[in-house]
Every structure is written in structure tokens, then in C-alpha cells.
Amino acid sequence: MEKFRFLTSGESHGKCLTAIIEGLPANLEIDIDFINEELKRRQCGYGRGGRMKIESDTVEIMSGVRFGKTLGSPVTLVIKNNDFENWQKVMIADPKNITSDKAFTTFRPGHADYAGSVKYNQKDLRNILERSSARKTAIEVAVGAVAKLFLKQFGITGSSKVLQIGNGKTEEEFRAEIDKAKAAGDTLGGKIEVVYENLPVGLGSFVHWDRTLDGKIAQAVMSVPAVKSVSIGNHHAYKMTGSEYHDEIFCEEGKIIRKTNNAGGIEGGMSNGENIVVTAVMKPIPTLRKPLCSLDCVTLEQTEAHFERSDTCAVEACAVVAEARVACVLADEILLKYGGDCMEECLKHFNN
Amino acid sequence: MEKFRFLTSGESHGKCLTAIIEGLPANLEIDIDFINEELKRRQCGYGRGGRMKIESDTVEIMSGVRFGKTLGSPVTLVIKNNDFENWQKVMIADPKNITSDKAFTTFRPGHADYAGSVKYNQKDLRNILERSSARKTAIEVAVGAVAKLFLKQFGITGSSKVLQIGNGKTEEEFRAEIDKAKAAGDTLGGKIEVVYENLPVGLGSFVHWDRTLDGKIAQAVMSVPAVKSVSIGNHHAYKMTGSEYHDEIFCEEGKIIRKTNNAGGIEGGMSNGENIVVTAVMKPIPTLRKPLCSLDCVTLEQTEAHFERSDTCAVEACAVVAEARVACVLADEILLKYGGDCMEECLKHFNN
Amino acid sequence: MEKFRFLTSGESHGKCLTAIIEGLPANLEIDIDFINEELKRRQCGYGRGGRMKIESDTVEIMSGVRFGKTLGSPVTLVIKNNDFENWQKVMIADPKNITSDKAFTTFRPGHADYAGSVKYNQKDLRNILERSSARKTAIEVAVGAVAKLFLKQFGITGSSKVLQIGNGKTEEEFRAEIDKAKAAGDTLGGKIEVVYENLPVGLGSFVHWDRTLDGKIAQAVMSVPAVKSVSIGNHHAYKMTGSEYHDEIFCEEGKIIRKTNNAGGIEGGMSNGENIVVTAVMKPIPTLRKPLCSLDCVTLEQTEAHFERSDTCAVEACAVVAEARVACVLADEILLKYGGDCMEECLKHFNN
Amino acid sequence: MEKFRFLTSGESHGKCLTAIIEGLPANLEIDIDFINEELKRRQCGYGRGGRMKIESDTVEIMSGVRFGKTLGSPVTLVIKNNDFENWQKVMIADPKNITSDKAFTTFRPGHADYAGSVKYNQKDLRNILERSSARKTAIEVAVGAVAKLFLKQFGITGSSKVLQIGNGKTEEEFRAEIDKAKAAGDTLGGKIEVVYENLPVGLGSFVHWDRTLDGKIAQAVMSVPAVKSVSIGNHHAYKMTGSEYHDEIFCEEGKIIRKTNNAGGIEGGMSNGENIVVTAVMKPIPTLRKPLCSLDCVTLEQTEAHFERSDTCAVEACAVVAEARVACVLADEILLKYGGDCMEECLKHFNN
């Protein structure tokens, strides 16, 4: 992210989540209701646990926006933790009031606990859990919502959906799979799809590996917690022949068109004008009621993994987060390609 | 890539391919034979066309190495194009001797031609083909070989193999599939696997999305030409339950071990000490003898795609390139985690 | 800044100033009182106007620190604007309640108003003033204070002082100069010096221009608002001969020493173990009670520059900000050279 | 440098100097004669030693340019070392033929030798000298020449001159000072000025410290070997009052003008449309015929500094290098502000 830069922060049970976005042009209208709707989309989904009711996330804008429009200065977004008073004692920054409440020492397989405790030299695994939790994706969705507001100005829109959960491939089957897993104290992952429409030709590039659009999207989506696979376009690329796979090029009424989109909108590391289609696989949630074998990080004795209140399945949320991530990549690419310090200039360059 | 920085350059039929690597510590032994062997690995593989015989790539070191060891200054690698004299007239930098030899104007579906010609405002598609060609991966393999030499000092080794070509899943079937496609004037893709062994715990991080190791690997591998999918670990993550998928943690003789590696060596965006296992899907090569429908970029008239001498299948090469890319990511992460300006210092920090 | 990354945000009269610092190792003790003392140092100084009394800045830590130590996750610092209720109407993010209170349209020569209004397409120059104001340096001092806490762990300490204000070269003369300027409705700049002591040899590098330590310091200090000149070491370098200027090298009791430090602690783009001495020139504050000729940005009619409550002289604050900036550069260099994900690891590498 | 990216490489007596520039738009005309003239400007100057005759640098383009125009792909520039055959034995990459010819072990005060040998763990100081030598600036001038060709398309032009050498302030005095120093076996530095004209308003920004134009210029110029001070605009800023210093704003025939340019073309971290005026101080060359006290890096015994053939004064070359560096910063800023993947698009955005 070279022009649409951002940093996010915040622990799962800390005071708040924060993001600073640097690089937005001035005079972009910021619809705070839209951001909040995106946050709501992330919180919904069958299979989520009790926390979702506590959350009801809303964003507050602390800087960079005046009278509904960006100033060109960094935009700060904050999502307060409504439950913080219950965690204050446990999450306090102050060194004077250390408590071992909510401390835990058993690694959860599949989570950051083990590697994180080694890397950051921690014996209370809460010090790892708090930031490695997927809670942080709430603020990333807010950042993505701002990116989506920017993209809308260029006519670019995105959406996402769940393709599969466990072995279920329809809404009805999703619920049955989740119910079954929940009853067993188990968890599930699945497959999701993100689509962006109406893109200009030529975002990204083949000229250097770190400028390919698919490479940037892959990083953005793979770094969503629990995502283990990212694909662009038709999943069967590996077993199709060239003549089956490649999207032939036609001209209708002076317009270049395709009749297929196996490439998922990206050829040669660039957007080719077709819909960008990204799919991703999410692994099952690592925090299980049904315990897995693990170790105590202090004694190294065999024990059962810690259980922190959790969801059975968060694939729907994962789709929303992935959609937000792709928005950020596309916003960055639009800014790189068209330049512009205010929306009027960006759009003039774009419409040229 | 923050510490192991590099830029590569060069056209498919230009004078040479070049890479400058900046950020290597001093006193790393550079075994040029090893680099050349890696280049050879990329050139082999059933299904490659005639060009492979012309290439027989070897690298020349132009800077940064003295008496067999790095100086800490940027290392320059050059692979000369042995066939350049036959292309000199066509690829000359000089503006005085423009020729239309080897020009072409028909978009190849699946290649960079269409989007590239729009983006870079070109009517002779050779101006797109020359850099978008996979030829440039030769120098990327050389860069990766240097990264592998660095990683070896820490005991880290990598390998790669082909998992599937078309519908073939064994060496024998690969050849049969390729022969069939070749006879039909068609092309094939496939699936490959890259494995790195003996990694320290804690490369990458969960603390910010752009520091996750899997995200960085995903970008690096997805940007290999023709790769459309990147996965870490077990492919069935989307349909397994948490209790089936997650790798339980055990302690044997004071050592933390796993009995499974579904996570592919990465949990919470970090290496967890198990083998890193990356798989990728390569689409079929876009340049087919059997012509696809396309357009002329000048007249927009319907025509057949241009055929430039090409391979039937390059999945084996793709595996070698992906392996090289992952090496660069891991070298960067080692440098970030352990610091050090000379090998002696890097290793002292590492062995601490 | 590659490892010690940060973004800051906030308007002069907005809700708050915010910073997110990403890249700190875990287990660094954060002394919030020290940060607040640094904020206080910035606010003192003869010649400051009324705002300083309103400010009395204190920082709140919103993330990244638990029980007095960093977690390795991003650290969020917030300085609330205690006067915000008086500005709420003027600085509101909401689009529904637009007011023209506190709007102004006359460019202040020497300030960002003119170029900013062109760049960001603004007619109410408050939209430029709010972020271009030096108010934002408060949060930068807080970030620098965190960097200083990190540096202290390695024995590295910094300080700064005013060398000259107007024509005054002593404390007494500074005050006389400021009193005179204030009486005339005028403003003053001056010269400051930042010194860092006890640095390891070899921060920065000569191997690539963008890795020189002096280059990074120059950017960091030149970007302090109103700074127009940055120097390292003896100011008379341009008129001294080589034999007068260069710091001869001696060995006393097995230790390499210098008897002079004309180089200001940096040779070949690297720290050489001597004190790093940086001086900078601050131009006079652009907001004058005594009006300058200017234009109205809407009518382009000649008028007098806008006067917003301001200081006569802020050279002491400038020194504190410059000192904070240099701390950030040095912290980044320490992290790059020694690596480490927690303080224990950083220090082990350092002491090796 | 975010869009105009480049890496350079090469040792002083190695095979060649190389640069790869990534990020240039397609269809920029590359006038190789212009690049060579810039290289010549760097080599001239009273006070240079014998090497200048050997050098007579010329550039060869290895990639990224076809028929006189850029392709959008990385541009590779090479300057061969015409004297390499005399150095082959000493600078060979091969580990088999190590020689101690041309090795040296005495630190030169003022040079990178001491800190470099500690940082990179070297006992033969040639391993430091070779890359820390100012020889590498030749390829940086070539890169800057490409940036200047780009800037010319937007009507932006640059120049530089020497302001002072030792105590000399005129051409005649420069020569007298140099002759005197040379006779004494001593060396000299001086002051230079770089001016860029015809810039658009609004390059750089105040919104975040690392986006200020003056900050970027300061880094670029301070990292020129031997530069110890960088200033923008009037040198007397520290002792002038606000009413004396700030450039009042007028309107003549509908055009905004200034009658003074004390700000040196930059206000609020942005170009304001006036000439950008940068001055820099170069310290005297560290390699003296008249020996300085120093140490042997192996024995730590007191000795006299090593003398490698050198110049008495290189201030004229320094001016050319600084001019090249500023060109790179400005080219990057133009690319960031206006975007564009080919020159036609860049210019359309610019002229909008």
C-alpha cells in the first residue's frame, strides 16, 4: 500500500480499535452510516457466539473529516469496546495493578499462542491472544468501508458471499453443518468469494513482481485471520487446457468483450476490465469447546487447550473482511494510476 | 521486502536480464555454481519448447562480491541473452533504426497483451510481450538462489515438486498429458508444491496484517506468471472440522512437536517450526499453436491470436520460480528478526 | 522508517491527536510520566502565546501496552484537545451542520495556505490551517518519547538546546530579542542543536544512498514545521581544509578515540561512535500580528494576511520536536541492526 | 521514492556501475547523449585528480528502452569501468584467486573506513573503500539525468553551481584556493546551490511528516557523499524577523506572484510555484596527501592515514550530483501527483 497507507491497532478486550488512514484525497464524502453498515455485515452470520451481541460496533471519526468531507489529512477511525469496563482491570496499561485474572498458559493449536509466546517472550498467553484475535478485523472492515466509498466515486463496487461451509453448499446446508458442529463442540471453516465490478483496464502491472495486482490481492486476503488459500478466477485452472481456459476476446459494437471470465479479471498481473473474482478458504476456528491436546507454556506438561468464548463458524465475517481488504488494494491502485490530491482532480484524471 | 530488497529488469529478447540485490550482510559466501544449477533446474522440464536449448543460462556477478564473499554492498547479477545478436535489430534502444520486424498486433487471450497495450499505450504488442514474458523469471531464480545460499547458513533448506499436470498425478501421467496437449496444439497448467524445512519459530507476525508470513508468501507466489491460486497446508481446510484440522501440540523429550502439519507450518501469521508447505496452481500457458479468437489491437477486427514460439507446459519451471520467491521472503524475514550487518553477526544473533 | 513505523493524525482544533506506532518489540517498559514530561518540554519556552496554557498536553495509551510493558502490538497514543468543546461546531465531522464560523480566505505568506488550497482544492483556508499547524508536533513528541524510552535501554540518550534566536546568542539575549519582536507584532526564528550520546558504531550505511544515517536524520529534521536548514557537525566545513576538519583517530588504552568531532558523529553515512550533533535553522513564525501583503483566495483581491492567535517565537519547542524526530530515526536503526522481537532479545543481540 | 524507484550498485574499481529504475511511464524519449553530457558535467571541475581522464564515463542502456522510448518496464543503465582490466585481479568475484594487492589497513579520518570495518567486519579496508567511494555517484547522475528528461516533458528544468570553495567566492578565487590546498597536499570543500524552475504548485504535503517535499530533498542531498548541511531558501532565516523573511503574495494580471523567494520555493512542505532553491555544504575530501593521524585496523597501532589517488576538491561534481538527486525526488513527486502509465496520460493529467 503505497498511497492508501494505514495502520490499525487495538487488543480484543482493550479500550478501542483504532485506524489511521493516510493518503486519501480531499473532498471525499464520508458516509458514516455506510461504514457502520459494513461493520454490521461483519457481525452477522449464523454460527457466531455471544460476543456479537455485546459488540454492535460503530465507528467514531476522530480526524481528517470536516463537514462530511475528507480534508486530505489522515483520517482516524475508532471503534470503542463497549465491554471495556468489565476488562479494565485485566487490560490496564498501568504497571501498578497487575492481575493474573484471565491469564492462561495452554497453547490453543491452530492459534498464534505457541509461536507468539516464543516470538514475544510471553508466559501469559493473553498477551498473544489479545492482538491475534480476529476482533481486530472490525477496524479493518471500517478502513475497507472508506476504501469502498472512494471506489464508488469511480463506479467500482464490491460484494462477497459464502460458497461453502464444511460440506454444505447452500444456505440451508450451511446452517445444518454449523448446527452439527456446534452440537459436537467443534468448529468449521469454508470457502468465500469476493467480486469487484466495473474496474478500469490496467490496474497493477507485469513489469515488476511486486506490482502485480493478483499478488497484492493475494497478500491482502491471505493475511485475513484463518485464511489458508487464495485463488483468482476459475478453480479448475490446473486441469483445463489452454483452449478451454483462456477467455477469448471479441468486439461488439466497438467494445471489447469476453464471453467467459476464467481469468477472474486479471491477466498479466493487471485488471482486464472483467469482474475481479477472488475466492478464499478459511480454516475452522481454532478455539474449540471440544478440547485438543496441547501443552502448558510454563511447565510444558501435556494438557487440554484453553477455551475462550468463541464462535462455531465465522465464514460470513471472513467474506466481509476479505471484501474490505480487496477494496484497500484497489483504492491504492486507483490512486497510483490516476494520482490526484482532491476528488475533483482524481475524477478528472480518471475520466480523461 | 524490507531488508532483502531487489529490483530486476530485462526484456525477453533484450541484451540481458539484470538484478540488483540490496541488503545482504557482508561475508556471505556466494557459490556461483549453485546459482547456475538453480538456473538449470528452471530450464529443465518436460514440455518446454526449443528456446530452452538456446538459453543455457549462466549468471555473471557484476558487483557486491569479492574473493567469493559479499561485501555488504549491492550485488548485481546478469544473465546475458546468448541469442541477442539475432534480435539486436528488433530490440535496439536507439531511436534511429526503427523496424517493424517481429511486430504483432493481435492480443493473446490470457496474456498481458490487451490490458498492457491499454495501460502503456502501445500498438506494437511486442512492447508488452517482451517484459510480460516468463523469461524474466530466470533472473528471479538467480535472486532466489542467493537467498537460498543465505538461508543455508541458518540450516534452512527448500525444495519443490510438481503435484499435478492437467489430470495427471504421476511423472508418467504428466508426460502423457503433455504429449496429448502438444499433439493438439494446446497447452497445460498444473499444481506445484514448495516446502521449506528447519525454520525458526516466529518469522512473520499477527500484529499487523502486512507482517503476516503467509500474506507475504502469498504475494510472492501469486505474482509468479500464470499462478492463479496459492495455499498453505492441507487443501481440505474448508471442509474439515476444527478437531480434525488443528495440529495438536505434544512434548517429547523436552521438545515441542506436532504429529500433523495441516497448518503448513504457519499459525497466526508466523512460522511455528514445522515445515512450511505452499501449493500453487498454474494456469495453462496462453500462447497456443491452436488459435483462439481474438482482436487486432489497431483495427479491432476479429482475428486469431498471435503465436510466438512457446512451450506446451512449464509447470516444472513454475515450481522452481515459486521456490525461489519463497526463499526471498524467508531471507527477508530472517534479516528482519535477527538483524546483523555481516554473516558472523547474523549467525551470532540467530544462535543466541 | 522500516521497522519503527508510525502514522500520526489530528487537526489543530480537532477532537484529539493520535499516533499508532507499529514495530516496537514486546516487553519495553513504557513510562507514561516520561512521555508527559517530554510533552511539557515542548510546551514551555519564552515567546509562546496563550494556547500553551490551554494545552497542558497529556497522553493516553489506547493499545499495545499492558501492565506497563509493550505487547509487540501497535501502540496507540492519544492527546485529547481539552478545548474541543469550544470548537465542536467548527470542526464537526458531520455534514449536516456546516458553519462558516472561523472560516478565513486570506493566505498567510510563509504558511501552507496558498499551496495547500491549490493542492487540496479548498476555499476555506481553515481546511488547510488545521493540519498544517505545528500543533501536530505534540503527538510527534509523544512518539519520539517512546523512541527515547527504547533508546535508553541501549544507553543512548538525547538532548537539545537553542543556539540562537534572532541575533541573540544567550538566554538573556533570547528574551530581549523576543520581547522586541513581540512589541513590534513581529516574529522570530533561530538555531537549535540536538545531540545524541553513546551510540554504537555502524548505524546507517554507505552502501545505498537511502540508507545513510545523515540522510535519514536530514529528512526527519527538515520536515519539522518551519525548519529550513539541517547540518551535521561543524558549521564551518565549507571553509576548512581537510587537515583542519577531519577528526584524527587515536587509540588510548585499547579504545579508539577522537579528540575532535567536526564530523558530528557521522562518517560515510554511519555513526562512528562519537556524539551525533545535528543543528537546524527555524524560520520565523508565519502568523504575524503586523500584517503582510497577501490575497484573498476567492476574489484574488489584495488584502492583509489573516491573523490566528499565535506565538512570537517557538524555537525552544522546535528543538524538542527535532530531538524527538532524531530519536525515531535512531530507534529504527537500532531495530534494523540488531533485530529482536522482545526487549530481552534486542538487548542480547546488542550486547553480544 | 515510491513511484520512481531505483537501486544502484558497483564498486569504485569493479566491472561496472549499474542502476535499475522501476516506475517510469512508457513512451518517455530517452536521449542517451543527454545522459552522457550529464556524466561529463560531473567529471569536470578544477581540482579533480588523474582518474577523471581514465573515466570518460558513458552509459549503456541494457533494458526498458526500445527505439528510443521507454517501455514502462525497468530501465537498466550501466557505466563500464574502462580501467577494469588493471583491477581484475584485485576485484575478482571468484574465491580462488585471493590477492592482498591493493589491500590497506589504515583508517582514513573522515571516510567510511573505521565505522565500515566495524559494521561489515572487514580487515582489508579496500572492502569498505570500494563502495563508499564517491565513484558511485556517476551512476546516480545517470539516474538523475533520466529524471531530468522526464521533468523536461513538464517544462521543469534544473541547474546547479558552486557558491564557495574554501574562502573563495568567485571562479577566480576558487582556483586560487584549490591551487593553494593542492600545493599543501591538503583538500577543500565548499558550498553549492541547486535550482529547479517552473514547478507546479503542491508537490509534497504537510499532512504527514514523511510527505514533506523539503524533507525528501534534504534526505536526497544530505546523502550525497561529503555533504554535511542542506538548506532551502535564504540562509539568514534564523536571524530575520517574520516581516522581513516571509514572501508577500501579490496578484498581477490574474496571476499570483511573489517579489521575493526567501522560502526557496517551499512553504508548508509543498512547492509554492517559485523556484526551488537548495544549498548544500560539502566537507573537504578525506583522502589527503598530507597525512593525518590514524590507526591500523589490525594492530590498532598509531600510524598515518592511507593515501589513495584522489582529488583536491570535488565541489563542482558535488553540485551535479545534488542536482541529480533533487531531480529524482521531483520526478517521484510528479508521478505521485499526476499518476499515469504512459507519457501521454501523465501529460494529459498534468495539463488538465
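Going in written order, the chains are labelled A, B, C and D, and every chain counts its residues from 1.
What we mean here is this: a contact is a pair of C-beta atoms (placed from the backbone, for glycine too) under 8 Å apart; a residue touches a chain by one contact, two chains touch by 3 or more.
Just so it is clear, the structure is predicted and the values come from calculations on it, not from any experiment.
More contacting C-beta pairs link the chains of C-D than the other of the two pairs A-C and C-D. At the interface between subunit A and subunit B, over half of the residue numbers involved are used by both copies, so each side presents largely the same positions. When you average the Cα atoms of each chain and compare centres, the chain farthest from subunit D turns out to be A. Centre-to-centre spacing of subunit B and subunit C amounts to 43 Å, using the average Cα coordinate of each chain.
Subunit D has its Cα centroid 26 Å from the Cα centroid of subunit C. Here the CA centre of subunit A is 34 Å from the CA centre of subunit C.
Multi-chain contact residues of subunit B, defined as those touching 2 or more other chains: 7-8, 22, 72-74, 119, 131, 202, 205, 207-208, 341, 345.
Residue ranges of subunit B in contact with subunit D, taken from their complex: 5-11, 14-20, 22, 25-27, 29-30, 32, 61-69, 71-76, 91-98, 119-122, 127, 130-131, 341-342, 344-345.
Residues of subunit C that touch subunit B in their complex: 2-3, 22, 72-74, 202, 205, 207-208, 335-341, 345, 348-349, 352.
Interface residues of subunit B, counted against subunit A in their complex, comprise 1, 7-8, 107, 109-116, 118-119, 128, 131-132, 140, 164, 166-167, 181, 184, 186-191, 201-202, 205-210, 212, 214-225, 227-235, 237-251, 254, 256, 262-264, 267-273, 281-286, 288, 290, 292-295, 300-302, 325.
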